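Next up: some structures, all given as structure tokens.
Here come two complexes built around subunit A, the first alongside subunit B, the second alongside subunit C.
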Partner chain A sequence: MRMLLRVVGVLIVLSLIAGAYFAWSLSHAVALPAGPVTSVAAAKILLEPIADGPNAAQLRQGQYLARLGDCLSCHLRADGEPFAGGLGLNTPFGVIYTSNISSDPDHGIGKWTPDQFYRAMHDGIGGGGQHLYPAFPYPWFRNLSRQDDDALLAYLKTTTPVAYQPPDNKLVFPMNVRAAVAVWNLLPLPPQPGKQTPQGATAEWSRGEALVLGPGHCSQCHTPRNLFGADKQGEAFQGGLLDNFVSPDLTGNERTGLGRWTVDDITEYLHTGRNARAAAGGPMGDVVTYSTSLMTDEDRHAIAVYLKSLSASTDVDVTAADPASMKRGAAVFSDACTACHLENAVGQPTLFPPLGDNAVAQQNDPTGVLHIILAGVRVGPSPTRPSPLTMPSFAWKLTDQQVADVSTYIRNSWGNRASPVTAADVAKLRSTLQLDEVRLTDNSGDH
Partner chain B sequence: MATTLKPVEAVIVGFGWTGAILAQQLADAGLEVLALERGPWRDTSTDFATGFAQDELRYMWRHHLFQNVSDDTLTIRNNVNQTALPMRHLGSFLLGTGVGSGGVHWNGQIWRFLPSDFLTKSNNEQRYGKKSVTDYDLTVQDWGVTYEELEPFYNQFDVLCGTSGKAGNLNGQIQPGGNPFEGVRSAEYPTPPMPQTYGPTLFGKAAAELGRHPFPHPTGNLSQPYVNNLGAQLGACTYCGFCEKFGCGNYSKASPQTTVLPYVMAKSNFTLRTECEVLKVELSPDRKHATGVSYVNSAGEEFFQPASLVILSSYILQNVRLLLLSGIGTPYDPQTGLGVVGKNYAYQTMSSVNVFFDDKLINPFIGAGALATVIDDFNGDNFDHSGLGFIGGAYIAGMITGGRPIEMIYTPQGTPAWGLAWKHAAAKNYLRSFSLSVHGSCMSHRGNYLDLDPTYRDIHGRPMLRMTFDFTDNEHKMSDYLTDRAAEIAKAMNPREIKLNRRVGSWNVVPYQTTHNTGGAIMGDNPANSVVNKYLQSWDVPNVFSMGAGAFPQNAGYNPTGTVAALAYHSAQAIIQQYLKNPGPLVQA
Partner chain C sequence: MDKPVPGRRHFLISTAVVAGTGLAGAIGATVRDGELGAPPRTYKGGVPWTEGQADSPPGVSGQDFKFFTPAERAFIEAAVSRLIPNDEVGPGAIEANVPFFLDRQLAGPFGRGDHYYLGGPWPKGTPEQGYQSRFSPAQLYRAAIAAIDKYTHANFNGADFAKLSDDDRDKLLKSMESGSLQLEDGVDAKTFFAMLLQNTKEGYFSDPIYGGNKDMAAWKMIGFPGAHYDYREWVTRHGEPVPFPPVSFKGRPGWNGES
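Take a look at the complex of A and B:
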């Protein structure tokens, strides 16, 4: 009996951690920013030339790793300084604030030794010996070499020190006990590169694999998780949920994945955050701004080659949509969506995505589509395409039924095929996103 | 007590079109640039998103994007014998505020002035005699800059905006389909003209039958998606018909937001502070050098911002007021004709002709800010003015900027302004009517000027600007002549009836005419006749530059934004290539 209780206890702890793990969210996602978009300015720190000197090569390597690892997506809060952290990641159990990794000796990593940094990157153990919550992607960063870790730390030590202490995490028991993470660490970790190289794989493929499974930590979002927050076996890159946004299927599935995309489509998307098929918004917009738009063309191409090698996920049966809902949805679409997406949803390439044959629209889980309609979404700006093109929120304008109808219509028109959406689905997400009483943002309404 | 802030290399006062252009140019040249904007941050998705951008009540009627005249306005009179009173409801022109300012709520009509427009005095003197430019107490001047000098900078603005149009004169070769009267262009428009709808097409056909030379209006409402030289993206216009007085919800109208801001906001050597109103340019004791600007933020805190370079890029009425409040240059005196600051305030002389059909559905709700077919046969000096008794001219446009229900329902002559008869006329004519716009020049006049009001003050206790303005006989004669030319085309379209809306009587603050105020900080070739030199640099305080249509010595028969932008780029280049290397006057007096 005691044994059983112990097992149940472990399971409860695991499931709580798991829940927190894949429900963590970037706090900016709900309300679109009313202020200037300065994120590209912050990202440009990662492009600042490093002067020649004795360890210039190491520092340049470290700076490039900071781009590959997408550090600033999390270690930068709104109106904050680069690397100073303090971004609140919302979980059902409270808020985790990202740490200060600037060179400040008291608040940042200024006093860290390479050994300490390696333990954090490899084992998820912080500078004080404490367990780090796995929102920090050490299960992927462990695939970096010791030399990479040393270079990254050397670079971070050159950043402007910011004497800023992020707020304490606001977590409820038992999540506030960091040792609980040790239990989670017993679960299987994500795969390591170089273990399953197919025959005939090119060096470029291997580079792509190393980037995706290593610093890129792509599967942290794009692989579905089991109850305990570990990879679902056999479903790698088949899409997950993050921050109530869908992280789409990256496999060769032609409906929900990258099956219709070419290598060049993927490369352009990673480079500019937009292509003729889609736009990178939500968390992926940040990934483009702080990471993929700052990579070399070769690395973007390698990632694309690797992703195109992922075999298609198994398709699921799709329930037919109710004709009455489709008819209502068509009317809402014509009224609310065609100003940008145009009649027949052909869109305007690289500006407003076409919605036919659109993978995001057809994800099995409609949450992404609903989120975009309710909260709006901003495309991640990039150095070559700085326009933060933004779809506005429609939460103030459309009822739950209207959002359900138009989503069902979009998911089942122009070649699309996906399960219908109900008003209850919309109501639930609306509540989660706290958009129940939304009106026009303060600087746009009548007042 | 004002807090003194860390010095910057350049401070930009006002963040609309010219502020954004100068910010981008100077920041790219490596300067530490700070922009101060009195109004709020504004962006597409939060301030004029497609879901609510087309709200006529909010934006047109309640002036949502415009200056709040209960905080600050100007006083107005027609002549020096009247007492000026504050304008407490915007009417004839709509003053912008906030990031992007008028560049947010303009129509997107992008014009170049004619080569002869820059030589108003010398060209008319030569062709029509000395009297032609002094009749009616006109005070017209040459600009001190030529079309040829500005051509590359006009081009630069076209490349920024992705202007849609058809060149009429490409490197001296007249092009079919374009404006044969325009100055020589060195490049075709970046994007093709907007496809014309039925009304403008009918206009073009009728005008051609009369021997005129119709062409599509050059426009910043784009005909196709465009990526500009800064990587910023614009979409293709969807003809929703909500441009002027509105922000564009789908990124298809050129504005600072769509063309410059995505780029410049990301520069680490550029900073924007919103809701910071500049009160004054501070000068050194000898008054020959600006030390910076004083400003107040929305919390009422005062600051002194030291700067090596001061760019005045607020709207002309604010720019002129700042010059007067700061004591830069000698104020103009209409009695003696001496002094220059406030001199040659001018405007735009508008009239129109409404056309009503029985058998043709015009569908005016399919519109865009610059959706028009135009003739330029009677603009500037494109025609012989001998014996006409006026100088200047206008373009005539068969234009459908929209069919907005509150503002844009046309009813025939004799229709009551309200009640059942109006309703019947509105219902009968809404889909079957549109308007020909006569967009006329406005010459400068000895009695038209700007100065500080002796009585009224704003919320900061500063004197308001006082505007003294009326149309002169030159403008009335020009407008009548041009309105008759428009009526000829209107009749040639074989409508059921037409209605002439002539420019009659004194200028009034109602109804809306245009927000094309010009002059007051005029440019010229010497300090005796102008406030700034050809590079928009103050003759008196060489580290102050004054942007905008305030520099126009008189106004041409075109919308001003293209020329305002070209002058800004021209100035920016001179600052970067000449001034920074050797700070001081760029033109020796």
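Take a look at the complex of A and C:
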């Protein structure tokens, strides 16, 4: 009994410290990610034909799981080799560098046994018995079967070995103590598929649920996190914040979610990264490049069917925008935005998203819109749409007040309705993204 | 007809120039892509793009003059005010802040002739061959202003060009334009006039971020909408006035709620 009390006490203290540091680290948040140059070229490895042989079926299953699980979005750094890791993930607790999961025996998973791999995928325990940080989506991957895990490991063991050691993590105390993850693991885990199947659910719905809650680990980004970085209960798929991007609401909310999207809209978006309503940029661009564009049509359709079944999130009250700000925003929009998004923001379907009835524009948290305007964004390339269309950065051109005004205007025009943005909001994100000074390209000529 | 064979000496000079250019590229660590001496680059795997980076134009800031001495500034003001005078059609070069534009251009890469080949030989070229001076633009302005003042000192009772009447200045500018004015110290008056007129027009009509075209007044005069990116939606709308107010790279008053 005394032992139990002591353990509980330690847990409470650890949790409090974690909470305090979470608040602290939010105010010292992260710069722009040094992400990889998303490219169809790197994703090609996931489509390489696997020769017939005794375990070809298992290897093909493993390769397909590597697509479903979006492994390369994280286990590939800029100028690195596929599966060699080393990408720095900006979390509220510091930077976590992804591990090398190539077949290298010393730096990768070359010596791992199926039991070890299963423990990692299911329990978040690494090859050396250490706790893995839940940036690795084991809370979702635990929903894969043992047979899936064995197939994925078998496939990873066929990848080119890369003798590369990713850098050490840079995390704040107490999260730099791996044992602290044991505390985290006591928090409620994401839901498991097959537990809440509604009456009349089709086999396709169930397949979609299994993909979304399992390898797809969609809610890792699309569900809001609480103070401890765990899913907020009861708010599944209502949108979250990652790397200063908003992962939009995926529920049936017509303003912020997928309420206006059809199953075909979602399927096309997952396939090509674009549709008549939106384009996949930021972290979702990577997901399209390394995962959803490489799935089967059936699986994309199943995901869409499942997502369309999510009931709408509760809408929030929206403060009315200041007419003077709207007028200034309209002026900025007319000069700076209409070249691609056109007057009245009708856009060019599948090229430049229309901004009216646009869910990304209307997220309750304006961070995503501000990020896109300040830093620019690139659409994830895919085999069917290999050209990575880019929206340029406007940080050099627009003041904080101008970004706030044009964002407020976009969020409250053409049928949109969302809270106004202040210059202080923009200044904060500009500073977080380290865009106070103009960042020139190598091409900028004489300065 | 026999093709002329390049002489051995010509060949040696050419290769030396090429080698020298390559060397400049190798040692010039600050040479940017697209600038003279920048090495070619190859991209693989994907189109390069970095979040937050922008090809922002190199605008000017401040109001102080960096290149012209007070006497040179007086010369420039006296000259450009005759090239584009302030009249009922629109503002003059002075009102459009052209002297400041010229000052900042001459203080920067244009003045240094960074984009010009300034080495010899210097035979007199044909008009079609363009700028053939051994002077960089900044050197040309400095030498020409001094040579012209030297000329007016000798021919107008010791007065600077800036002190002459409008008529006298017009006559001198015309004689420079025609090439009849002979200047000392190796300055070709016609070459200087051509550059001064060209640069004055540039300062009058270019984007205000470069210091001239103050308040976009030159654009308002001719009804030019400025740095408006795209007119696709207007291509088929014939006979309608385009309603866009002029906009600079860095915006317009309406962006800040001003008119």
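Methods note: the second predicted complex is superposed on the first by the 401 of 447 C-alpha atoms of A that agree within 3 Å, B and C clash if a C-alpha of one lies under 4 Å from a C-alpha of the other, contacts with A are read in each partner's own complex, and residues count from 1 in each chain.
Going forward, a contact is a pair of C-beta atoms (placed from the backbone, for glycine too) under 8 Å apart; a residue touches a chain by one contact, two chains touch by 3 or more.
Remember, it's a predicted structure, so these values are computed and weren't measured experimentally.
A.B. asks: Label the relationship between subunit B and subunit C on subunit A in the superposed model as either fit or clash.
C.D. replies: Clash - subunit B and subunit C, as placed by superposing on subunit A, overlap.
A.B. asks: Using the superposition on chain A described above, determine whether A:A41 touches subunit B (first), subunit C (second), both, or neither.
C.D. replies: Both: A:A41 reaches subunit B and subunit C.
A.B. asks: May I ask you to decide whether A:R385 touches subunit B, subunit C, both, or neither, giving the answer as first, second, both or neither?
C.D. replies: After superposing on A, A:R385 lies in contact with subunit B but is clear of subunit C.
A.B. asks: One more residue to check, A:G376. First (subunit B), second (subunit C), both or neither?
C.D. replies: It touches subunit B and subunit C both.
A.B. asks: Of the partners subunit B and subunit C, which touch A:Q402 in the superposed model: first, second, both, neither?
C.D. replies: Second partner only.
A.B. asks: Given the touch rule stated above, what does A:R328 touch, subunit B (first), subunit C (second), both, or neither?
C.D. replies: Touch status of A:R328: second partner only.
A.B. asks: For A:L433, select first, second, both or neither according to whether it touches subunit B, subunit C, the two together, or no partner.
C.D. replies: Touch status of A:L433: second partner only.
A.B. asks: On the A-aligned overlay, A:P349 touches which partner chain: subunit B = first, subunit C = second, or both, or neither?
C.D. replies: After superposing on A, A:P349 lies in contact with subunit B but is clear of subunit C.
A.B. asks: Please pick the stretch of subunit B from 313-321, 457-465 or 493-501 that overlaps subunit C when the two structures are superposed.
C.D. replies: 457-465
A.B. asks: Take the contacts of subunit A with subunit B and those with subunit C, and give the residues found in both.
C.D. replies: 32-33, 35, 37-38, 40-41, 338-340, 342, 376, 378, 381, 387-388, 390, 392-394, 396-397, 440-441, 443-444, 446
A.B. asks: Report the residues of subunit A in contact with subunit C in the complex, numbered from low to high.
C.D. replies: 32-33, 35, 37-42, 324, 327-328, 331-332, 334-335, 338-340, 342-343, 374-378, 381, 387-388, 390, 392-398, 401-402, 405, 433-435, 438-447
A.B. asks: Which residues of subunit B touch subunit A in the complex?
C.D. replies: 40-52, 58, 62, 64, 225, 227, 230-233, 235-236, 238, 240, 249-251, 258, 261-263, 265-268, 272
A.B. asks: Within their complex, state which residues of subunit C touch subunit A.
C.D. replies: 32-35, 44-56, 58, 108-109, 114, 227-230, 232-233, 244, 247, 249-252, 254-257
A.B. asks: What does subunit A use to touch subunit B in their complex?
C.D. replies: 32-38, 40-41, 44-45, 336, 338-340, 342, 348-352, 376, 378, 381, 383-394, 396-397, 440-441, 443-444, 446
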